[in-house]
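This is the structure I want to talk about, given as structure tokens.
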Amino acid sequence: MIILLRRGAAKKDIEQLREDLKAWGFSLHESTGTTESLIGIVGDTSTLDISTIEARDCVETVKRIAEPYKKVNRKMHPENTVIDVRGRKIGNGSLQIIAGPCSVETEEQILTTARAVKEAGATMLRGGAFKPRTSPYAFQGLEAEGIKLLLKAREETGLPIVTEIMGEEDLPLFEDIDVIQVGARNMQNFKLLKALGKVKKPILLKRGLSSTIEELLMSAEYIFAGGNNEVILCERGIRTFETMTRNTLDISAVSLLKQKSHLPVCADPSHATGILSLIEPMSLSLIVAGADMLEIEVHCTPTRALSDGSQQLTPDAFTELMGNIKRMAEFLGRDIG
Amino acid sequence: MIILLRRGAAKKDIEQLREDLKAWGFSLHESTGTTESLIGIVGDTSTLDISTIEARDCVETVKRIAEPYKKVNRKMHPENTVIDVRGRKIGNGSLQIIAGPCSVETEEQILTTARAVKEAGATMLRGGAFKPRTSPYAFQGLEAEGIKLLLKAREETGLPIVTEIMGEEDLPLFEDIDVIQVGARNMQNFKLLKALGKVKKPILLKRGLSSTIEELLMSAEYIFAGGNNEVILCERGIRTFETMTRNTLDISAVSLLKQKSHLPVCADPSHATGILSLIEPMSLSLIVAGADMLEIEVHCTPTRALSDGSQQLTPDAFTELMGNIKRMAEFLGRDIG
Amino acid sequence: MIILLRRGAAKKDIEQLREDLKAWGFSLHESTGTTESLIGIVGDTSTLDISTIEARDCVETVKRIAEPYKKVNRKMHPENTVIDVRGRKIGNGSLQIIAGPCSVETEEQILTTARAVKEAGATMLRGGAFKPRTSPYAFQGLEAEGIKLLLKAREETGLPIVTEIMGEEDLPLFEDIDVIQVGARNMQNFKLLKALGKVKKPILLKRGLSSTIEELLMSAEYIFAGGNNEVILCERGIRTFETMTRNTLDISAVSLLKQKSHLPVCADPSHATGILSLIEPMSLSLIVAGADMLEIEVHCTPTRALSDGSQQLTPDAFTELMGNIKRMAEFLGRDIG
Amino acid sequence: MIILLRRGAAKKDIEQLREDLKAWGFSLHESTGTTESLIGIVGDTSTLDISTIEARDCVETVKRIAEPYKKVNRKMHPENTVIDVRGRKIGNGSLQIIAGPCSVETEEQILTTARAVKEAGATMLRGGAFKPRTSPYAFQGLEAEGIKLLLKAREETGLPIVTEIMGEEDLPLFEDIDVIQVGARNMQNFKLLKALGKVKKPILLKRGLSSTIEELLMSAEYIFAGGNNEVILCERGIRTFETMTRNTLDISAVSLLKQKSHLPVCADPSHATGILSLIEPMSLSLIVAGADMLEIEVHCTPTRALSDGSQQLTPDAFTELMGNIKRMAEFLGRDIG
């Protein structure tokens, strides 16, 4: 961390700052130029509040240099984290495809869809039982009943289940779920992140609508700090000024996350674009960019869906997409599943 | 709601759409032009999923015309909602000033600050007991102990207490709190919003970092839908490309919220700007724009604060600010408190 | 400027960097810690390309500390720049109100509007002769003929004229114009900025839709660098994710620009919001925030306007607004005109 | 276009609106429901000012339904536009790779780089002679001299030249240039677009930093409206809240532009990311997403570059990248060149 001192700062204020920093256990390296004077701080500054240093009269500005994320940082842990979900490996170079409906609606709907995506080559099943909806009047999900139907679908197809949690008090319902998803709107629900740090299950952590890459890594750090080292990061589109797509899919974030962190990276082209005709090109681009996993919405009858019908593929369209995904994976020398 | 049909759509698809819409209880008004054909839908469309209608082959696009928020809409309820907090009225034209530290840190800190802001003319006391922090290594708040210290400060100063909740499981701790704050990162924590809909206390609902004005109103609608009609909307800066200020304070949102909704509107210039020298001009601008309430951070010793030191005013600076606020309120014919 | 060296960088690369920096005339201050090593550079780094320094293997990152704008920086020139336009002073604490139609359309339209805004108390007249329009099929302005009509309106009312230029080749047409406006889309049209640096007239420089405050100051710096020291900065709303307002009016930028620079600051609530009912509250807020000047659209018959009808005030509405502006100016002890 | 009437609007206002619309040559389709009344307008509404319709008392809101871009719309012209540049075809399914330095600096630099990129397989040469720089103190390009050096490089290597224009008055210098580039900051420099509409040369039109996809298409429409049908659209990253990458590369825009328009689409991973390690994964992703062309910065000695050193590849790194691009092109069945 570097502290730039204000020109003309009072000597006694600077002296006080030096003393405080030393008292907090840091060693200092000072550099005094004709126009600017700096104090470089050496030590673990992750608990130091930049803003409070900046509140001092003698300080012009403070620049953090070390990355604030530690445990999820590739520099600290150069090897890829590989997560095992019922024998499927995430992060070892293979490709996992999660598919399924936006919401679990009925037994018939989830079973029909599960069979179809299994048949097409999906390696995991998704389906929302708890649905975060902007409107209190929209369908809110089947909740506990939805979880039961997902487990039934797993029983029949063998596909591991990925489904979203919305609050820590629902955790007992997720005991048999394979991967717990945290939605974009909860990426900085720190209570929930702390609770998930205590869980022994992989967490699929979606990037918030306007969360930076660094904030996503810091939210993963919360889960690690609690003791759970199985986190999958997920890019799902960010909010920008562009309105033609639902969100702007930040594919560069996928490559960058792979470089900055050792964690596996997933991406969700369905939510990111909200446009059916973009799902195939974006899926293939994401694989090329290094995604370990894709999450794609498929519904047996999208025109009857209780939510997000227009971004859900039919089983036929998904089968065609999987054909192209398989060819690309083969070209890249990556296994699916 | 208006459905624009795709050119060359199959007649049987259109017929099916018509039948479905009628079966769902809507009446239809059709208009067929040479280049475009529309179906206008009359009835309460708030539960209709636009995306699922758009999934149909015969549909080009769907435009919602009615505003999706009902109970918080000024059209439905033209009179201002006025909320009473220990005798102080919010929303009746008067001005309320919430002041206090970012975090509750020690008994001495909160009591000293509370006395100072009371003396300067603040009408309510704030202080964070539960702190949402980007880093798991940063100070997370005194939690239950912080709530106790706030109540002690109320006992001494008589100032009503505003403090933030981070999860529904902590609700019992807020039983004696006067106004429960929902932070920006939890604006779409729908579990929490539903829980607060059951509470008999005013909720100060902060706009999310990248939440639209409509989404803020929809989150207030969640609380209303649960049965709690005491919501104060709060603008606290949105995330944009600008980095010189911490966030971009959207003052036009304050005026627009007053026009679109009957709810009182608060604003937080401290978090919005993160810059001390902007707090005074922004406070006065917000009052002129129609804010019913301001929330301003004050700390007895900002350079010793455990969080956000650089945006917290000293008691002296706050006293000076209050002088200017009082003169402006007097000019506008508005009472403080 | 501070250069953070990469851990484990080759000594000879660092040596080469040191030599190059010294050869370019800088003096260096080094600081070597156990985990990080820095080189602080003293001297005028405004011509140094950060990116090219960062391209070196031995460099982790480079942080600029000095503000890149010099001539427009208040630190270099603490006194307010005051610009005189036909006897009206901009930047001396008084308030100037530019009013007039979005586009000059006909002689009758501009004369009628000019008389009305004069009568209501406006101190300058605006009107677009060259119109930047997103669509090539939209009305593009009367061009040279529009300029003539504006000069006629000045002759009749005495109001100085503010109008927009779109390319340097049109400069001869602006010879009699009082203030030349640069629109948001041309804020970084550097050819135009260079040409305006050679002109002896005040320039009203609008902030680009997604330009940072620093970039706005750098564009003003271009005009100064060419020799023209009369620049008025103008906040006109920035592009964000919010769609309920046309743009997001960044009122904090007005206060911040006054602090960072000695230049006068204008604001345009009409373009910023695009909503009639917001023009009054935003105008008053902007004045309170420190704006030296407002630019407000007024049209004798908005429903017949050739552009932007919905954001133009009628003369009656403008007269009412001016009443409120006058009362606020009086309260603040500021003269109008 | 659909006009939603305000509830309780005066009958005579509505009658006036109807009359005006008919007088302007439109046919109307009305639909009156119990809660909302609409007027649908049939005809070419591209010259109608929505805002001015919305200014009427009787109008609640206006929704445009037809896309405002006509000539560049794939609906009007389903076949791909194919542009021929010295025998190389852009838009016919093949892949073109433009490579070269950010700025032309010296004869040796541009010739060395040109030879290297030719050798590695680039099909066109780029190099900036006119440089748009945020700071007036930064290197501004060699201008006319730079153009001469580029032509010399073409003479030697046979590579067609792509270089940026900054103002219409420089057009004579571009007479021998093969493709004229319009930079992001000039995407809405309408004077320049109009001038380029009169030129008989392909235009590479870069998307503005905060321009929507629709605005990019409207800027291409300007060039078409002037008579020049050879436009290449270019995605180069948009400005968002994310700061870890220089811009956010919107790869979905590439696929969407190919669907919405018949024009060829280029992308620039160098400017979009500003990070060397992202250039390869983003280049490959862009090809998979459907880009017809990539523009990649290469410099013989990036650490000595006069601009943007850190995002320019060395010739060796570019050679390696071209190897991967060739393999991907072969897999996709696309020719390079």
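Every chain is named by a letter (A, B, C and D) in the order it is written, and numbering of its residues begins at 1.
The rule we apply is simple: a contact is a pair of C-beta atoms (placed from the backbone, for glycine too) under 8 Å apart; a residue touches a chain by one contact, two chains touch by 3 or more.
Source: prediction; values computed, not measured.
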| item | value |
| --- | --- |
| B-D or A-D - the one linked by more C-beta pairs in contact | A-D |
| Most distant chain from chain C, judged by the mean position of its C-alpha atoms | A |
| Centre-to-centre distance between chain D and chain C (centres being mean Cα positions), rounded to whole Å | 26 |
| Between chain A and chain D, centroid-to-centroid distance (C-alpha), Å | 31 |
| Length of the line joining the C-alpha centres of chain B and chain D, rounded to whole Å | 39 |
| Residue list for chain D, restricted to those that touch at least two other chains | 210, 239-241, 243 |
| Residues on chain A engaged by chain D in the complex (per definition of touch) | 210, 212-214, 238, 240-245, 248-253, 255-256, 259, 272-273, 275, 277-278, 281-282, 284-286, 288-290, 328, 331 |
| Of all residues in chain A, those that touch chain B in their complex | 46-47, 49, 51-56, 68, 132-139, 166-170, 185-186, 188-192, 194, 209-210, 215, 218, 221-222, 225-226, 239, 274, 302-312 |
| Partner chain A, residues of chain C touching it in the complex | 2, 4, 27, 29-36, 38, 40, 42, 60-61, 63, 65-66, 210, 239-241, 243 |
